[in-house]
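The two complexes that follow have subunit A in common; it is paired with subunit B in the first and with subunit C in the second.
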Partner chain A sequence: MARLELKGLAKSFKNGAVLDGVSLAADAGEIVVIFGPSGTGKTLLLRLIAGIYDADQGAVFVDGEDMTDVAPDHRGIGMAFQNFALFPHMSAFDNIASPLAARHLAPAAIRDGVERVARLLKIDQVLAHAPRELSNGQKQRTALARALAGAPKLLLLDDPLRNVDAKLRFEMRLELPPLLRQSGSTVLYVTQDYKEAMALADRIAVLIGGRFVQVAPPDEIYRLPETVQVARLFGDPTINLIEVTPHSAGNGVAVTIGNTTVPIGEQYRAAAGSAALLGIRPEAIRIGAVDAGAIAADVVAVTPLNERLVTLLKTADGHELLASQPAGERAAEADSKVGLQFMRDDILLFDRASGQRLKAANGAGAS
Partner chain B sequence: MDHVSATERIVRGGLITLVLIFFLFPIFWILLMSFQTNETILRIPPSLFFEPTLANYTALLTGQLKTTAGNLDILFMRNLGNSVLLSTCAVLLSLLLGVPAAYAFARFRFRLGENIAFTLLSFRFAPPLLVLLPLSLYFKQMHLTDSYVGLIWVYQLICLPLILWIVRGYFEDISPDIEHAYRIAGHSWRQTFIRIAIPLARPGIAAAGLLAFIFAWNNFVFALILASASKQPVTVGALAFVTASGIQYGQIAAAIVLSVTPTLLLALYAQRYLVEGLSLGAVKG
Partner chain C sequence: MSAADVLSLDAVDKVYRPRRREPVHAVKGLSMEVRPGETVALLGSSGCGKTSTLRMIAGFEAVTNGAIAIKGRPIHQLPPAKRNVAMAFEGYSLYPPLTVRDNIAFALKSARLPKAEEGRRVQDVAALLEITDILDRYPSSISGGQQQRASLGRALVREADLYLLDEPMGQLEPQLRAILRGRLKHYLRERRMTSVLVTHDQTEANALADRIAVMEGGVLQQIATPRELKERPANLFVGTFIGEPPMNVLETRPEQANGRIRFAIAGGQAFDYAESEVAPPLRAALAARAAVTLGIRPHAIHLGQPRLRARVLSNQWLGDQTHVAAEIAGRLIVAVAHQRVAARVGEEIPFDVAASDLHLFDSQSGAVIAHGGRPT
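Take a look at the complex of A and B:
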C-alpha cells in the first residue's frame, strides 16, 4: 500500500503535447479510475508512472519519495496492459511467476504465490499452457494475475477489459472490486467505459485534453459534472442539453422552453441574462399528461435500452429530448402529445461559451 | 482447396516438377559426376550408366591429385577446414556485434541512427573489388594479409549488414509492451534483453545467421586477394583443379559435393527455425 502523488506531469511528442500538467493524489489502498475519451494520454500517464517513459516536467512520488531517477524494475509496480503483453515463450505459470522470480524467491514460495493468485482469478487449471493456447479471457486473467502476483505497492491497470467480450467484461466488473481491495495495492485503473469507471472507482479522474478536468467520487461526477464534456461522457443515453437564456421570473430564475417557463431556482440568479446550456439527465424527465406547467412535446419513438425504456421527444420549438424510465412503467404512445416535467433538483446549468458548470450562488450546487 | 479441378491439379504438379528439375538437376548431375572418372564424364553422348568410382573422393581426402602430368599436392581438406573456421568465426563475431546493434536500431531513436544503419547496409551493394585494393594495402601495413583474423574481419562486410537488418526487423515486430512488462516485473534491462528480446527474435537470428554463413561460405574474391593457399577457403581452393594437364571435372564435382554438404545440412537443420520465423510473424501475446 502506498500513497501516490503526481505533481504537474507533462509530456509532449513531436506532434504536440499529450499530457499538460497532470496532478493527482491517491491515498494508500484507493482505487482511482482514470477515465477519458481515446487519445487523451491515459495510457501515456500510466507509462510515465511506471517509468517506461520519462516525463518532460513534473514528478511521480510514491510514499513521498521522488521516483524520477528510479528504474521501472525498482518502483514496486504491477501493471496489466491493454494488449495483455504476455511473454509468448513462457507458460502461464512462468508469466505469473516473473515478478516473484525477479526477487529470487525460493521455488516453493514462487509456486505458492502463483497458485494463490491463480486460484483467485480462476486460472489454476491452465497454468501449464502457453499464452497462445489460452482464450482471450484466460489471457486477460493471466495478465491480471501477473500484475497482482508481486503484491505491488502500486497497481496500474491499462484498460484490462478492453479486449474481452461483453459477457466476460460484465463478470469482471463484479469480480474486480473485491479482488483489488484484497490486493491492498493503490490502484490506477484506465478505462474509456463510464460504467466500468462507475463500478470500480473510489474516485474517478476525468482526463480530457491532457488535463484532469474533474477528480471526484463516481456519483458526484454523475450528478455534478464540472463541464459539459464530462456531463456528456457519463450516462447512457447522454444528457439532454438545451440552449437557454435564464431570466428573472418572480423571485426566482427561470428558462423558457417552447412556450413553457421552467423555474430553475433562485440559486442561479447570477446567470440571468447570460447564454447558457441547460443539462437534464434522461431519467430526470417525467412524461405525463399535457397540462399548464408542463413542456409540451410530441413522442417520436420509444425503444428499450438496458432494462429501461427510452423515449425520443420533440418539443414545440424543435428541441429533441431523450427521456428514460424503468421498463416496468407504462410507456408513452408514439405520436401522442405529452407534457414533460424536469426534476428541479437535477437541472444543471452550464456556461455556453466555456462549458463550465455554473455553480449555484449558495455554493452547494443544484442539489 | 476442395474446388481444384483435376486438370488444374495436373498442371500445377507439372509446373512444380519443371521448377524442381530446373533447380535440382545440376546438383543431381554433379553428384553423379563426382563418382565418375574424367573419361566417362567427357564422353559423348553422356550416360546415366557408369561404373562408380571413389577415386575422386580419395584423391581429395589424401590430398594427392593424380594427373597425366604427374602427382600434384592439393590442400582441399585444409581449404574445407578453413571454410568452416572462417565462416563460423565470422558469423559468431557478426552475431555478437550485430544482434545488440540491431536491438539498438529497433528500439531507440538516436542521432544519425538511420544514417549509420544505412551505411552498414550499403556495404552489401558496393562491389567488393571497390574496397579490395585499398584493403590489401592496409592489410600489408597492418600485417593482416594471409591471416585468419584479417579474413574474419573482412567477412564482417558480408555478415554484419545482413544480420543487422534482418534481426532488426524481428526486434521491431516484438511488442515493446512485452519488454516493458518484464521490466516492471522487476528485471533489469540486461535480463530483459537476454530473456525476452533474444528468445523472441530467435527465429530471425537463426535465419540471419544461416544466411550470413552461406554468404560467407560462398565468398570468393576476398580470400583470393587477401590470403594465400594455406588460409584460403574451398571456393578459392577449387581453382587448384584447373591444372596444366586439363580440368579435373571429377574432382571438382566431388569437391563441390563436399563443400555444399555442410551448408545444406545446416539449412535443413535450421529450416525448422526459418519456417517458425515465417509462421509466427509478429510475436503477439
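Take a look at the complex of A and C:
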C-alpha cells in the first residue's frame, strides 16, 4: 500500500502532445479509475508510472519518493493488460509465480503465495495448464493473479476486462472490488466502460485531451459533471441536452422548452440571457399526463433496455428526448401525447460555448 | 402457416458440406412465421444459425430441406432479385462509384417517383439515420458505421414485402444508439413494414423487435415477445441467455412438509413458502423430484426483507441502478434496484423472493417446470 502522486506529467511524440500536464494524488489503498475515450493517453500514463517510458516533464512519487531514477522493476509495481501478456512457454503457476521468483523467495513461500491468489481468483484447478489451454476468462484471471501475487504497492490495470465476453466482464466487475481491497495495493485501473468505472472506483479521473478534466467520486461525476463532454461519457442512454436561454420569471429563473416555461431555480440567476445547454438525464424525466405545467411531447417509440424502459419523445418544437424508467412501471403508449416533468434537482446547465457546467450560486445544486 | 403471414419458414434445414470435413448442420428444422407489420429478431451467439437463416431468406444460401414462403408464395428456389426483399447486410455493400445519396436513390428507381418526391424520401431517411452530412460522399471515404447506416437507409426507402436487417445498429456510438433505435422502431411501425433483423446483441433485439426468436445450436429455442421471454422462458438456456444482468441460478432440493414447501440449498438455508403461496398442481409436480433448478431474475430479489440471508460482496451504484452481488451457499447472486441500496460490503443481509417470481427448471434437461409458482 502506498501513496501515489503524479506531478505535471507530460509526454509528447513526433505527432504531438499526448499527455499535457497530468497531476493526481492517490491515497494509499485507493482505487482510482482512469477513464476516457480511446486515444487519450490512458495506457501511456500507466507506462510512465511503471517506468516503461520516461516523461518529458513532471515526476511520479511513491510514498513521497521521486521515481524518476528508479528502475521499473524496483518501483514495487504489478501490472495486468487487456491482452493478458502471459508468458506462453510457462504454466499458469509459473506465470503467477514469476514476480515471487524474481525476488528469490523460497519454493514453499512461492507455492503458498501462488495458491492463495489462485484460490481467490478461482483458477486453482488450472495452475498446471499452459496459457494456450486456458479460456480467455482464465487467461485474464491468471494475468490478474500474477499482478496481485507480488503484493505490489501499486497495481496498474490496463483495461483487463476488455477482451473477455460480456457475461464474464459483468461477473468480474462484481468480484474485483473485494479482491483489490484484499490486495492492499493502491490501484490505478484504466477502462473505457463507464459502468466499470463507476462500479470499481473510489474516485474516477476523466482523461480527455491529455488532461484530467475531472477527478471525483463516481456519484459526483455522474450528478455534477464539470463539462458537457464528461456528462455525455456517463449514462446509458446518454444525457439529454437542449439549447436554452435562461430568462427571469417571477422570483426565479426559467427556460422555455416547447411552449412550456420550466423553472430552474433562482440559483442560476447569473445565467439569465446567456446561451446555455440544459442537461437532464433520462431517468430524471417523468412521463405523465398532458397538463399545464408539463412539457407537451409525442411518444415516438418505447425501447426496452435491460431492466429499464427507454422512451423516445418529441417535443412540440422538435426536440428529441429520451426518458428512462424501471421496466416494471407502466410504459407510455407509442404515438400518444404525454406531459414531461424534469426533476428540478437534476437539471444541469452548461455554457454553450465552453461546455463548462454553470455552477449554481450559494451552493445549491452543487452539493 | 397462415396465408396472412408475410414470411413463413417450414421445417427449414441448412447443412454445409465442406470438402474433407464433417458436414455442419447449421439450421435444424426451423419453422416460424412473421406477421404483417411485425419486426422479428433472430437472436443468438455466433454459430447459432441466425445468419444462415437470414441468408436463406434473402436467397444467398440454398435451403437444404424445407420451404420458405413470402406472402404465401414459395420463394426458396427463386433468385434473390425475384423475392421482393430489401436487405441491409454486411457483404451486400454500397455501389462504390455512386455517392451515398445516389446509392439510396438508386433503390427508389424502380418506383419511378417524381424527382422531388425521390429527393424528399432520401432526405427523410438520411435525417433519420444522421447521415445527411455524408450524402455527397463516396462509400470508400466514410467509416464502417456510416456505410452500415447508408446501407440501412438504402433498404428502408425501398418498397418491398420484407426487410432483412443484419446488425443494423452494430457499430453505433452510444450517444446516438438509443435515439436511432427509437426512430427506426417508429419508422418501421408507422409504415407497417415487416422485417427480420439479426443480432447477437440482446439489447438491440429487445429495443426493436415485437418478437424475438432465440436460436442456439441451429435450433429455435423460443419465439416470443421480449416480455414473455423474460417472464416465461421455455428452458434454462433462454432463461439465462435473456436478461442483463442474467438470471440467478441455484440448485435446490424441494421438500414438502407441515404445510410448507421448501427449496433447500447447500449450507442449510431454504426458500421456504407456505403451501398457499404455491399453486396446487406445482406441489404435485415437485413431489416426485429430488432436485430442481431455481431461476430468479435480479429485480425479483428484494434486499432487506427476511426469508434468506446472503453475504454482500459488492454494492455498485451506476447512476440509474444498483447492482448488489452477494454470496449464498458458495454461489454468487445479483440483485438489481432502481435506487441506492444501503448494503455494506461484508455484511450479511436478509433478502426475499416471492414464490410468484420463481422459475423452476428440470435439473437434468433444463426444461421448464413452472413459472411464478404455476406449472406451465
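We adopt the following convention: the second predicted complex is superposed on the first by the 364 of 367 C-alpha atoms of A that agree within 3 Å, B and C clash if a C-alpha of one lies under 4 Å from a C-alpha of the other, contacts with A are read in each partner's own complex, and residues count from 1 in each chain.
Throughout what follows, contacts are C-beta pairs under 8 Å (C-beta built on N, C-alpha and C of every residue); 3 or more make two chains touch, one makes a residue touch a chain.
Predicted model only: the values in this text are computed from it and were never measured.
Visitor: Could you figure out whether subunit B or subunit C reaches more residues of subunit A?
Guide: Greater contact footprint in residues on subunit A: C.
Visitor: Per the contact definition in the header, classify A:F87: touching subunit B only (first), subunit C only (second), both, or neither.
Guide: Touch status of A:F87: first partner only.
Visitor: Should A:L174 be classified as contacting the first partner (subunit B), the second (subunit C), both, or neither?
Guide: Only subunit C is touched by A:L174; subunit B is not.
Visitor: In the superposed arrangement, does A:A10 touch subunit B (first), subunit C (second), both or neither?
Guide: After superposition on chain A, A:A10 lies in contact with neither partner.
Visitor: A:A272 in the overlay: touching subunit B, subunit C, both, or neither? Say first, second, both or neither.
Guide: Neither partner.
Visitor: Which of the two partners, first being subunit B and second being subunit C, lies in contact with A:I208: first, second, both, or neither?
Guide: In the superposition, A:I208 contacts neither subunit B nor subunit C.
Visitor: Which partner does A:R146 reach: the first (subunit B), the second (subunit C), both, or neither?
Guide: A:R146 sits against subunit B, while subunit C stays out of touch.
Visitor: Answer with first, second, both or neither: which of subunit B and subunit C does A:A331 touch in the superposed model?
Guide: neither
Visitor: Just to be sure I follow: which residues of subunit A are touched by subunit B in one complex and then by subunit C in the other one?
Guide: None.
Visitor: Per the contact definition, I'd like the list of subunit A residues that touch subunit C in the complex.
Guide: Answer in residue numbers: 166-167, 170-171, 173-175, 177-178, 195, 198-199, 218-219, 222, 232, 234-238, 281-283, 300-301, 303-308, 310-312, 320, 322, 324, 326-328, 334.
Visitor: For the complex, which residues does subunit C have touching subunit A?
Guide: That would be residues 174-175, 177-179, 181-183, 185-186, 189, 203, 206-208, 226, 243-246, 298-299, 313-314, 316-321, 323, 325, 332, 334, 336, 338, 345 of subunit C.
Visitor: If we count contacts the way the header does, which residues on subunit A are in touch with subunit B in the complex?
Guide: Those residues of subunit A that touch subunit B are 47, 50-52, 71-75, 77-79, 81, 83-89, 98-99, 102-103, 131, 139, 146, 150.
Visitor: In their shared complex, at which residues does subunit B touch subunit A?
Guide: Spelled out, the residues of subunit B in touch with subunit A are 175, 177-178, 180-189, 196, 199-200, 283-285.
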